[in-house]
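Take a look at these structures.
Two complexes come next, and they have one chain in common, subunit A, joined by subunit B in the first and subunit C in the second.
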Partner chain A sequence: MYQMKKDRLTELFQAISGTKDLFLPLRKCDQTNYGLWTPEEVFDLETLKTVKSAKDCFFPQSEVLYRCKTEDGKISIDPQKLCDRPFVVFGMRACDVKAVEVLDRVFLSEPVDTFYAARREHGTIVSLACHEPEETCFCRNFGVDAAASGADVETWIIGDSLYWKPLTEKGEALTESLQAVLEAADGEASACEAEETVAREQEAIRGVIEKLPFSHLDLSRFQPENTMELFDSPLWEELYKPCLACGTCTFVCPTCQCYDIRDFDSGKNGVQRYRCWDSCMYSDFTMMAHGNLRTSQMQRFRQRFMHKLVYYPANNDGLYSCVGCGRCVSKCPASLNIVKVIKKLGGEA
Partner chain B sequence: MQELITRAKELLADGTVSRVLGWKKGDLGWDPEPAWFEKEEDLEGFVYNPFCGANLSKYLIAAGKLEGRTLVFLKPCDTYSFNQLVKEHRVKKEKTYIIGVGCRGTLDPEKVRAAGMKGIEDAAVDGETLKVATLYGEKEMPLKDALLDRCLVCKGKTHVAYDELIGAQAGEEAGPGELAGDRFAGVERLEALPPKERFAFWQGQLSKCIRCNACRNACPACSCLKCVFDSSQFDSSQKANADTFEEQMFHIIRAYHVAGRCTDCGECSRVCPQGIPLHLLNRKFIRDINTFYGEYQAGADTESRAPLTDFTLEDVEPGIVSKRGGGR
Partner chain C sequence: MCECSCGGKTKTDTLIPMVGVITDIRTETPDVKTFRVVGRGGKKLFEHMPGQCAMVSVPGVGEAMFSITSSPTNTEYQEFSIKRCGTLTDYLHGMTVGEELTVRGPYGNAFPVETALKGQNLLFIAGGIGLAPLRSVINYVLDKRENYGTVDILYGSRSMDDLVQLKEIQEVWMKTPGVNVYLTIDREQEGWDGHVGFVPSYLKELEFATDKTVLVCGPPIMIKFVLAALGEMGFEKTQVYTTLELRMKCGVGKCGRCNIGSKYVCKDGPVFRCDEIDELPPEY
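And now, the complex of A and B:
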């Protein structure tokens, strides 16, 4: 366990960004989102939830796959270079850390997504514990511990200090490079004191989590054997109705992983083939040469939740592809969200 | 609220309407959702409080395809959207039964959070104060600090379409009364900026756009069956910004498409997950239309011709736009 004074955070960030790219929650135009930190940027560790999750750091909303060009009748292809520069994401909450596990199972299984794999290889995750969890949080249901994320490095901000605990090899290596800023707890007494302070904070966080309104959802019905029963439920017709068919829930979600591949014709500069996040809420998501296989919004709405709660876990050892971050709860323009779906289909409401 | 439920039950029971479109209580006190009620007993979940910001007018397009009439609860500013949809033949008046509900301004949960209230479990209005029950204790804040920006400059108008009113009087000035400010002040502040700064303002704001299309999908004026941005033939994507120009293009094109039809209901800014003040783009158009063609309020009636779809010999000459400094 290491610690340092909170007012030295900028020094810490300067030390990290000296050798690596550093992604931090940045305050820009009244909102907080992850972005590449430079000393001119304003970081914000107070906001519990960034609008978009930290997913962008590993799987950006839009990225070029290759560029091609025709010159004198010859086509040349310019492949996109894979990420080869080490980077650190600081401040990720435990839910967003868990979401990376969900993404890993998709992108790192065969065929491996090389763009994602390169970023995962070069990225080190430093989590920050949730000092004051909010009413929209329901991570507890998905085995997430807001007080201990299991990331490469776990940190807690308690009072005027930052506590820093490396857990993995990557975390140890990062810690090693920051010895000038981080203070190892000297002697057994002070190490013990730091451990105790963190333990008290963890207990307090877990205490709040237990009391959250959505912390005890009944997920027992979301089992592979109930797939058809859930799929055919008449409740979907009722649930989807206020849905505006926008993509807010999918784009703020840390686990949504669908993307589309498109060409951007930039004229004489050639064509850029890029991929961008897609949303199953959009009508063209399932548009194919033969037609569209999901013709109603009810079907699209159902797909999103069946995927998170039934299909994904059926294919991934029971791991749900929702981590309970609650962004959809606070951001849906029609106040729809996965909690309402779980309650209704799970028989609670 | 009980009065609204009682009346809705009566209208369902006597067959005047086949269903009710209103709001349903959420789980957290600040998250009511637009909801359809078909049976009297379902109405037990009905709620109407200052967190019912959603404008229900656009749902009437879907309601119009169903059997019978739909009872809808509309706030004063929502009725402008209703009229505009009737004018554009998207909604039929005879398929709708409107109960105009009183409104003293609707609230923005994000502003409550920004005021430092974490873990909001419930919220209630007590006079000019918003009392908030949070995980970290009871808190309160002045109601006006929690109002949606649109309500701070409430159009202050009455219901322009209704079959009956509950909690509101005919001809009554609705909205937060003395709080109603100048709704063009924000536009004027931007117009006064040097072009470079104005560009920087919009670039900063629009760079936050995640292309979720919530603004478009919530907008009662965006009622096209298929949006141009959803076309696979269009050399752009509705879900990504291939370059920084595209995010600006999307919002500017949208503002052009709704110019003269936008009633300034403010749903675009209310639903934006990134807090982009999109209504300022629309208000710029409204202000210019007012300047060039005379005062015009979209949705004030269902018959008049709108300035941009009409021609008179007195119409402003295009040159006046450039003389005034536009286009440079």
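And now, the complex of A and C:
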């Protein structure tokens, strides 16, 4: 366990960004989102939830896969260079850390997505515990511990201090490189005191989480063997009605991983084939030459939640593709969200 | 072999295609052409199994999944029979021999030609462009004739002008011993003295014995009625294989488009045994 005064955070960030790219929650245009930190940027560790998750750091909203040129009828293909620069994401909440595990199961399974894998290899995650969880949080249901994320490094801001605990080899290596800023506990008594301070904070966080309104959802019906029963439920017709099909839930979701592949023809510089986030909420998602297999918004709405709560777990040892971050709860303009779906289909409401 | 300009330095992602050259184009019907494709060095792009697909693309135009219609026993090239029905296929139909496109794959599973189908009597049922994936299996089976029992092929299309691969059907399949070919078209047409009627009703008329394993491919509506007819004739669902078709972008079960239930059609399909399809939510 290491600690440092909170007012030295800029020093810490300068030390990290000296050798690595550093992604932090940055305050811009009245919003907080992850971005590349430079000393001119204003970081914001107070806001509990960034608007978009930290997904961008590993699976960017848009990225070029390769460039193509056709000259004299000959096509040349120039693959995008993979990430080869070490970087640190600082400030990720435990839910967003868990979401990376959900994405790993998709992108690191064979055939490995090399673009994602290179970012995972070069990225070190430093989490920040949720000092004040919000009412929209329901991470507890998905095995997330907001007080201990399991990231490469776990940190807590308590009072005027930052407490820093490396957990993995990557975390240890990062810690090693920051010895000038981080202070190792001086003597056994002081180490003990730091551990106790963090333990008290963890207990307090878990106490708050325990009492949140959505912390005890009943997920027991969302099992692969209930697929058809859930799929055929008449409740979908009722649930989906307010959905505007805007796709906001999929874009702010830390685990949504659907993507599109498209071309940008830049004229004489050739064609950039890029991929970008896509949404199963959109009608053209399944549009084919011979027709569309999901013609109604009800079907598309159902697909999103069935995937998160039934299909994904069926393929991934019961792991849900939801981490309870609550972004969909706070951002849906029609007040729809996965909590309502879980309650309704789970038989609670 | 990596043909991009990276010089072999990067591990090539499955999303990065190879350059293919069109070496032959056959006009099959007014809206179907068969394209023969090889790598730039003149060799076959990759090895595949019957039923597998590949992503064919023209940079700046689009990329789409097509079944590979040539048999794996062909060591020289791959073929794609492509119906003109959208932006990319329109463009492809305007291309000429010698032009380049990109290909990546192969993707998906295959018909179980080396396991469940081995030693079996086979009944192929195809409608329209649905012959494309089955042609790969049929030619594989004909090239390894001793490994399989009887072969019956029932193929139908809207009109006699819409029958794909008619030359090969008449000159090769119909002349192979132990192979019976039954052709039908939807409506009477001048110059056609063969059977007239839809595939599902012709199937019932033919009264096939149920000692066969059936492979079905065609438009969704035909598949639906063929499966019902097979049920009436006494075929078990475990005897019948078909393919599903959904929108695809990545080909490797990650982009999410072809997800039905816990399956990804690009990776876990496109070939499914009919009892497996019954376990999926009916979204195909």
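Here, the second predicted complex is superposed on the first by the 347 of 349 C-alpha atoms of A that agree within 3 Å, B and C clash if a C-alpha of one lies under 4 Å from a C-alpha of the other, contacts with A are read in each partner's own complex, and residues count from 1 in each chain.
Simple rule for what comes next: a residue touches a chain if its C-beta (ideal position, glycine included) is under 8 Å from a C-beta of that chain, and two chains touch if they have at least 3 such contacts.
Just so we're clear, the structure is a prediction, and the values are computed from it rather than from any experiment.
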item	value
Which superposed partner A:Gln179 touches (first subunit B, second subunit C, both, neither)	neither
First (subunit B), second (subunit C), both or neither touched by A:Thr295	neither
First (subunit B), second (subunit C), both or neither touched by A:Asp265	both
Which of subunit B and subunit C A:Met287 touches, first, second, both or neither	both
Touching partner for A:Gly247 - first (subunit B), second (subunit C), both, neither	first
First (subunit B), second (subunit C), both or neither touched by A:Cys68	second
First (subunit B), second (subunit C), both or neither touched by A:Gln257	second
Partner chain in contact with A:Asp278 - subunit B first, subunit C second, else both or neither	both
Which of subunit B and subunit C A:Thr19 touches, first, second, both or neither	neither
Subunit B and subunit C contact sites that coincide on subunit A, given as residue numbers	260, 265, 278, 287
Footprint of subunit B on subunit A - complex, ascending	28-31, 33, 48, 51-52, 61-62, 132-136, 208, 211-214, 238, 241-242, 244-248, 250-252, 260, 262, 264-266, 272, 274, 276-279, 282-284, 287, 329-331, 333-336, 339-340, 343
Interfacial residue positions of subunit B with respect to subunit A in the complex	26-28, 31-36, 54, 59, 109-110, 118-121, 134-136, 204-205, 207-208, 210-214, 216-218, 230, 232, 235, 237-243, 270-271, 273-276
Contacting residues of subunit A [partner subunit C, same complex]	65-66, 68, 70, 73-79, 81-82, 106-107, 111, 113-115, 224, 227-228, 231, 257-261, 263, 265, 270-271, 273, 275, 278, 280, 285-290, 293-294, 299, 303, 306-307, 310-311, 314-315
Subunit A contact footprint on subunit C (complex, rising order)	3-6, 10-17, 19, 59-63, 83, 85-86, 89, 98-102, 219-220, 245-247, 249-250, 252, 254-257, 259, 261-262, 281, 283-284
